[in-house]
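In what comes next, chain A is part of two complexes: it sits with chain B in the first one and with chain C in the second one.
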Partner chain A sequence: MRTTSISPWKQAFQSGLLGGAIAVLLALVGMVAAFSGRYIVSGVFTMGQFLFLAPILFLAYMTLRRAPQMPPFRLLQTGMVSGAASGAVIAVFVLIGSVVNLRVMFINASPQLYGILTFNQGVGIGALILLVAGLLLGALAAGIILLPERTRKTIVQAALWVFTIGLLRDLIVTVSFRWGPLAAIIKQFFAVSGLTPVGAAILIALIGGIRYWQLGKNDPHAVTFFNNTKPTVRWLRLGLAGVILLLLPPILGIFFSEILDNVAMYILMGLGLNIVVGFAGLLDLGYVAFFAIGAYVMGVMTSPELGFFNMTWWEALPFALVTSFIAGVILGLPVLRLRGDYLAIVTLGFGEIVRLLVLSDWLRPWLGGTQGIQRIAQPQIGNFVFNTQQELYYLFLAGLGIVAFIAWRLKDSRLGRSWMALREDEDVAKAMGINHVTTKLLAFATGALFSGLAGTIFAAKLTSVYPHSMNFLVSINVLSLIIIGGMGSIPGVFVGALVLIAAPELLREFAEFRYLVYGALLVTMMLTKPEGLWPEERRRLELHEEEHSPAVSAD
Partner chain B sequence: MIRNWIQRITLTDVIVWGVGILILTGVVWGSIVTLGIGKYSTATWIDLTISGLALGGVYALIALGYTLVYGILRMINFAHSEVFMSGPFTATFAAQALIAIGWWNRYPWLSLLIVMAVAAAVSSSIAILLERVAYRPLRGAPRLVPLITAIGASFFLQYTFRGLYGSGLKAYPEMEIFKGVWMLGSVRIFKTQAAAIVGAIVMMLILYGIVQYTKLGKAMRSVSEDKEVAALMGINVDRVITSTFALGGASAGVAGILYLLLFPVANFFMGFFPGLKAFTAAVLGGIGNVPGAFLGAMVLGLLESIGPNLFLDGLGVPAAGQLKDAIAFTILVFILIFRPSGILGERLTQTKA
Partner chain C sequence: MSLLEVENIHTYYGNIQALRGVSLKVEKGEIVTLIGANGAGKTTTLRTISGLLKPREGHVKLEGEDLASYMAHEIVYKGVAMVPEGRGVFARLTVMENLEMGAFSLSNKEQINRNLERVFTLFPRLKERRAQVAGTLSGGEQQMLATGRALMASPSVLLMDEPSMGLAPVLVEVIFDTIQQINREGVTILLVEQNALMALGVAHRGYVLQTGEIVLSDSAEKLRKDPTVQKAYLGME
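Up next, the complex of A and B:
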C-alpha cells in the first residue's frame, strides 16, 4: 500500500516475484499440465505455456503502467527486471523440483510438469530459457507501452482474436462442417488442435490489417448499424438477433446445442437472481433451493413412478411456478429484517435445509431420496414432444424471452425503482413511503419464480431430478455469472453466462478448475472492476464515486 | 399499553412467531415421546453428550476466528472455513513425515505439538494473506463488495488446495496414546474425545488470556471500539488487524487438528460444514463476544449431537442422524430471526473495555 517511497526497480522486482509465484501456483494446481495438450498454434504454442507465461507479461505490464513517467530505455530495463524476476522464480521452482521430490505433497509436481515448464530442454538449459523468456516478456511489456496507440491496439487485438479462435477450434470446425466450399477453406487454417502456424500468421495479418485500417478512420462516434439509436434500426437489430437465436440449434449441432441449453438455463436463473441481488441488493446464497423446488414439483406432479398425479408437463407447470413463488415469499418473510452478511448466511442455510430434506430418508416416499425422481414428463404441443436437446432449446428460448421481457420492464417500473431505493438505503426508502415488506417479498418471489421455471425445464430436459444436481455450487455459478456480468444489468447476465457457463464447457480441461477460476475472478473483479463486465449505468456511477475515497485507493 | 403492542404486530410477526412456536412444539413433543418410550439408555445419552461437547470444543475454536474478526472489522470472514481447512489438510503431510522418521508413536506429545504448530502456522498464513489481498483494499467499500470477495476467496482457496493436494481423502494417522477409552466411574469416554475437549478448553483459555490481558489484546479491543481513535493513540491499526486474522487462523488450525482426532480424514471440502456451524455458534453466542463463542459452540454441539435422537426420533423421522446438519441450519435461521444478538448478546468491547 506504500506507494512513492519504493524505487521503481524494487517495485518491478517485487511484482516480478509475484508474477513468478502466480505462475508456479498455476503449475502446482495442475492447470498448466492440464492445458498443455491444447494447442493455440499447433506445434508452437499451447494453452499451458500461455498460462505460465501470461502472468509474467501481465505483471511486468502492470508495473510499468503504474510506474511514474520514465525514458524509454529505463522503461525497457524496468520491464526486463520484472520479467527476469518472474522467470527466475519459475526456474528456481524447477531446480528445487529436480532435487526434492515435491510430489509427496503436491500431486501435480510431476516430471511431465517440469518438462512443460522447461520447454522439454532439461533442467539446466530450461532454467536458462526461463530467464531469457522472462527478459523477453518484460521487454515485450515495455514495448507494448512504448508503441503508439494505433499500432498497440492493432497488435493486442489481433493477438487476442487469434488466441480466441485458436482456443475455439473445435467449435468452429464442427460448426463450419456443413458450409460446403467455405468449410474446406476454414479447415485449412486449423490443425488437429489449434491453428496451423501458417493459418495463425495469415489471421494475424488479416485481423491486424482490418483493425489498423478501422482504427485509422478514427471516429469513435460514427453511427454504424450496431450503435444506431433510431427505433427502426433498433428493431431491425433486435429482429436479427432473434433470427440468429432461432437458427442456432441447427447451426451448432447436437453437442453444442446441449451447451446452449445449459447457458440458456443459467441465463434464466441469472435473470431471476439479478432481480434479488442486482435490483434489490439482497444477497441470496440459497438460490438453488427454488430451482430444486421447481424441478421437484414438476417431478412429483408428473412422474408415473411416484404415481401421485400423473399430470402432463403443461398441467404441472402452473403448480410448479406457484409453489416456487410461494417458497420465495416464505423464505422472504423471516429474513425481512436481516441485511447483508446475515441474509447471505441465512439463505445459504435455507438452501442447505432444502437439499438435506430432499436427500433424507424421511421424505423418501414423496421425493425419492437419493434415488431422485425418474420418468418426468416432457412438454408436448399437439403431437410434437420436446425431447431432444435442440427442441428443448426452443422451450428455453421461449421461457427466456418471457422472463427477459418481464425483467426488462420491471427494471424501470415503480416496483423496480423501489427495489433500487431499498438497495441504496433501506431506512431512507422506508421514510419515502416504500412498503419494504411487499417490495422485498416481491423481489424474493419473482426471483424464485424465474428459478422455478428454469427448474421445470431442467426436469424436462433430463426427465429426472436428483438431489445431487441441487447443490450449493449451482447458487455459486449463478451468483458468479451475475457479478461478473454486472450486478443489476440485464445484458450483463447474458455476457456472464456466456463467459462462465459456455467457456468451461467448450474447454473441457477447464471443468476441474472451474470454481478456482470463478473464485479468483470474483476477487479480482471486486478489487478492480466491481461494476462488472457490462455494468448497469447507475451502479457504475455509484462505484466510481467510491474510487475517490482514500480507503479504496490501491497502491 | 397492550393495545399499542397489538397494533404494532404485523402479519410478518404473526407468521414468524407461528412457525417458531410450531417448531418448538414439535421439538418438545418429540422429546417427550422419545423419553417416554425409553428407547435409549442413560449410557447412550451420556455418550451423545460427550461427543457433543467434543464437537462443540472444535466449533468454539473456529468460531473464535469469526468473532474476533467481526469484533474488529464488523464483517463476516466467509473464507474462514477455508482457513480452517488449510491447516489440518497440510498437517496430514507433516504427520506422514513424522511417521516416516518414527517419531509419531515414540514421541507422541511432541509429534502432536509439531502437527498442531504446522496446522496453526499454515492457517495463520492463509488468514493473513487473505486479509492482505482480499479484504484490506476493500475497507470502506459498499457492504456487498467485501462479502462477495470473501465468497470468491473461499472458493479460490478450496479449489486451490484441491489442485495442490488432490481431491481424494487424506487419512490422518491414529496415535497409539489416543486409542481406546477411559472409564470415569461408569462413564465411558473415548480418548480422542477427551483430548478434543481438553485441547479446546486449554486453547480457549490461552486465547481468552491473550485478548484480555496482553498488550495486543488491549490494542485489539481498542481498535474494535474505534479505529480512528485507536490510531490516534499510537496503535498501528493495520498491524492489529493482521494479528487478529493471524490469531483467528491459528485457533482454527488447532481446531482442525482436534477435528481430525475426532474424524480422521482430511480433504479440500472439510471446512465447509464445520465452518458454517462454527459461524452458527458464533452468532448463537453473540458475535463479537469471546465467551459467547464458547457457549454458543457448546450449545450447538450438544443440540446437533443429541437433537436427532431426542426429538426427531420421537416425531417418527427415520434415519434422523441424516438431518443433524439441518438442525444446525434451522437453529441458525431462527437465532438470526428472533435474537440476532445471540445468547450473551453483547460485543466484546461493550462488556470488557
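Up next, the complex of A and C:
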C-alpha cells in the first residue's frame, strides 16, 4: 500500500473521524443505550460503554498498524490524533443533540443516551471527557503497538478473553449450574451482571499469566499433542475429540443441545452442498428442496395421521434417502448444460417448486398443505426412543460421522478428482476423459442425499414438518456457511456452521441487535479473510504463492 | 485406411456455420498441419474431431470407425488427446495434479508411471516445478504442461491447437523441437498453427483452411513453395 504519499496525520485524522462516526451510529441505532445496564465488569465497565469506546481504540490501532515505521513519539502523536478526532465527533454529536432535538429523526437520541455518552457529567464537561478519553485511547493504541510482541499478545488476548467471558456471563452461569462444586467456584467470579471486579482481575492475571508463559517457550514449530502428525497421536486426538463430542449434551444441558442439534443439522447439509458447490463448482440455490424431500418422505411414510404406511423411522429412512438421491438426479438432468448464473436461477426455481408443492391444496391429502404433517415417528432402538434434544444429538452425531467420512473419502477419490476438473474447466475435463454427465449427476445426487438425511432427522426432532420451514433462507444459510468456512473445505463446513448457526443463538441476549452484530461480523470476516476461516489446502497454497510473488512484495 | 479421417464435416455454432465440408486425412506416424487465418475454423475442426462439437454433416473416423456415436470423453479412451487452444491447464491444481488428471483415462499404474517418466524426460522443467500451482507457471511452462498432460493419456493421435501462441521465438523453437521428438516416439500429430513457417518446417503434409473450407493440401515442402501460401501465410511478397 502506498501510504507514504498521504500524510500520516491526515490519515489518522480521517480514520479517527470514521471511528467516531461508527460510535455515533451504534448510539443512534440504540445499541449503546440498550446495553448501558449490561455490565462486562460489574460497576466498572458496561457493554454500552464498550460499544462507543471500542471503535475509537480499534480505528486508532488500525491506522497505526498500517502506517509506515515511525519513531515511538510520532506513533504516540498519531494515535492521539486519531483518538481525539473520534472523541471530537462524539462530543460534537452530544453538543448538537443538546441544542437540536434529534429525536424527530432518530428515535434513540434520548437524554439517557447523552447521559451515557457524557458519563453523566453534563454536556460541557462531558464533551471534554470525551476528548480526553479519545486522546487516552489513541495513546493506548500506540502503547499496544510499542509493546514487545510477547507482552502485547498477552495483554490483548487476556483482555479479549475476559471481555468474552463477561459478555457471555448468563450462558456460562446457566451451563455451569449443572457442574456441581465447580458451579460454586464459577459463580464467585460473576456478579448479577458481568464479572465482579475481583473476578475480572483474577481472570486477567490468570489468562495473561498462562499466555505469557506459553508465548515464552516460543518455538512455533514445536511438536505438541495438537499438531503432532504421528498416526497414533492423530488417532488419539480424534478419539479425544470423539469423547468430548459424546459428553457434550450432559455437560451443556438442553439449551445448548438444541443449538448443537441445529449446528449438526446445518453441518450435514453443508457437507452435502459443499460437494455440489465446493467440489464440483455447481452453484445450487435450491438446496433446501432435498431437505424438504427427506423430511416429507419421512412424514408421509411414518405419520399415522396420514395413515398411508405407518412405518417406523428406520423403515422409512431408506425410502427418504433414495427419494432424495433420485431428486438430485432429477434436478441434475435439465441443468447439465447450464453454468454459473443460469444454473443458480434454475436451481432456485427448483427449490421454490418443491416448497409450493408441499404447500399446495392440490397435494393436501398426501402432504398436508399448510398444516404440514404431524406425529412423525421418532427413531427407536430396542426400547429406547430418541426424543429429547440431547438424545437426538447422538443421532445427528452418528449421521455426521458417516457423512463426514464419506465426504472426506470422496474428495480424494477418482470421482472427487473429476469434480475438481469439471469445476476448473468443463471442456478440458471432457478432453481428459471425464464423463461430465455422470460426474455432475453424482454431485447433485450425493449432495441431495446428505441434505435428505438432515431432513429425516429434522422431522424426527420436531415430529412434524411444515412448508414454511422449507424456505429459501435455508439454502442461503447453508451456502453462506460454506463460504465462511472456506469453499470446498470439509473442516470449513464445521467452522462455518459453528459461526453462522451457533453464534446468533449465543447472541440471543442481544435480541433485535443480534443480526446487526452478526451482519457486521460477516462483512468484516469476508473483508479480512475472503478465503474462509478454514480454507481448503489448495486455496491456502494459492494465497501463499501470491504472498511471495514479486508483484506484491514490491510495494 | 488412414489413422484419422475427416470426411466432409459441416459444423455449426447455433445457426452460424463454421465449417463447410472440411475433409482431411492423417496417416499413422505423420505430423500434419492445418494452417489458416484467425477465424478460419481451425479450432472448430479440432473440437469436432475430439467430439466436443458434433458435425451436422460428415464423419470423423478413427482407424475406420465412425466416432459419431461417442461422447467427447469416450473419444479420449480411443486414443485421441488434445492440447487445447490457450493451453487450458487447470490453473488451481499443481503441475503434478494436472499430469495425473491427464492420465484419467488410464487405470494401469505402471503405464501411468511410465508416461510420467516420459513426460519428465521430455520436459525436465516440469519435474522441477511439479509442486507448483499451474496458474503461476510461465506461458512456455504452461504449454509444456498442457502437452505433457495430453501425453499422459498414451494417445495415438495428438491434436495440438496453436502451441506457439504468445511464446517468444526461442521458446517456439523449443516447442517445435519437442513436437518432432514426440512424433519420433510414435505419436501421430495434427498440428493447428498460425505460425505457418514453423509448422510447415516440422510437418510432413499440410492443409490450408480458409473460412471453413480446405483450399489447399499438399506436402509441407510444396506448400512452402506455393506462391499463394507464401503470400498469405508466410508473409512473403
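By definition in this document, the second predicted complex is superposed on the first by the 434 of 555 C-alpha atoms of A that agree within 3 Å, B and C clash if a C-alpha of one lies under 4 Å from a C-alpha of the other, contacts with A are read in each partner's own complex, and residues count from 1 in each chain.
Just so we're on the same page, a contact is a pair of C-beta atoms (placed from the backbone, for glycine too) under 8 Å apart; a residue touches a chain by one contact, two chains touch by 3 or more.
What you are looking at is a predicted structure, and each value in this text was computed from that prediction instead of being measured.
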item: Chain B versus chain C as contact partner of A:350, first or second or both or neither; value: first
item: Contacts of A:108 with chain B and chain C, given as first, second, both or neither; value: first
item: Partner chain(s) touched by A:408 [first = chain B, second = chain C, both, neither]; value: neither
item: Touching partner for A:161 - first (chain B), second (chain C), both, neither; value: neither
item: Which superposed partner A:417 touches (first chain B, second chain C, both, neither); value: second
item: A:335 touches, of chain B and chain C: first, second, both or neither?; value: first
item: Comparison of chain B and chain C by chain A residues contacted; value: B
item: Chain B versus chain C as contact partner of A:58, first or second or both or neither; value: neither
item: Doubly contacted chain A residues - partners chain C and chain B; value: 437, 542, 549
item: In the complex, chain C residues that touch chain A; value: 50-52, 71-74, 76-77, 81-82, 84, 88, 90-94, 100-102, 104-105, 132-133, 135-136, 149, 153
item: For the chain B and chain A complex, residues of the former touching the latter; value: 10, 12, 15-16, 19, 75-76, 78, 93, 96, 133-134, 136-149, 151-160, 162-166, 276, 279-280, 283, 317-320, 322-323, 325-326, 329-330, 332-333, 336-337, 340
item: Parts of chain A lying in touch with chain B, wherever the complex brings them together; value: 1, 25, 28-31, 104-108, 281, 283, 285, 333-342, 344-346, 348-350, 352-353, 356-357, 359-362, 437, 476, 479-480, 483, 487, 512-516, 518-523, 525-527, 530, 542-543, 546, 549, 551-552, 554
item: Residue numbers on chain A that touch chain C, as the complex places them; value: 414, 417-418, 420-421, 424-425, 427-428, 430-437, 538-539, 541-542, 545, 549
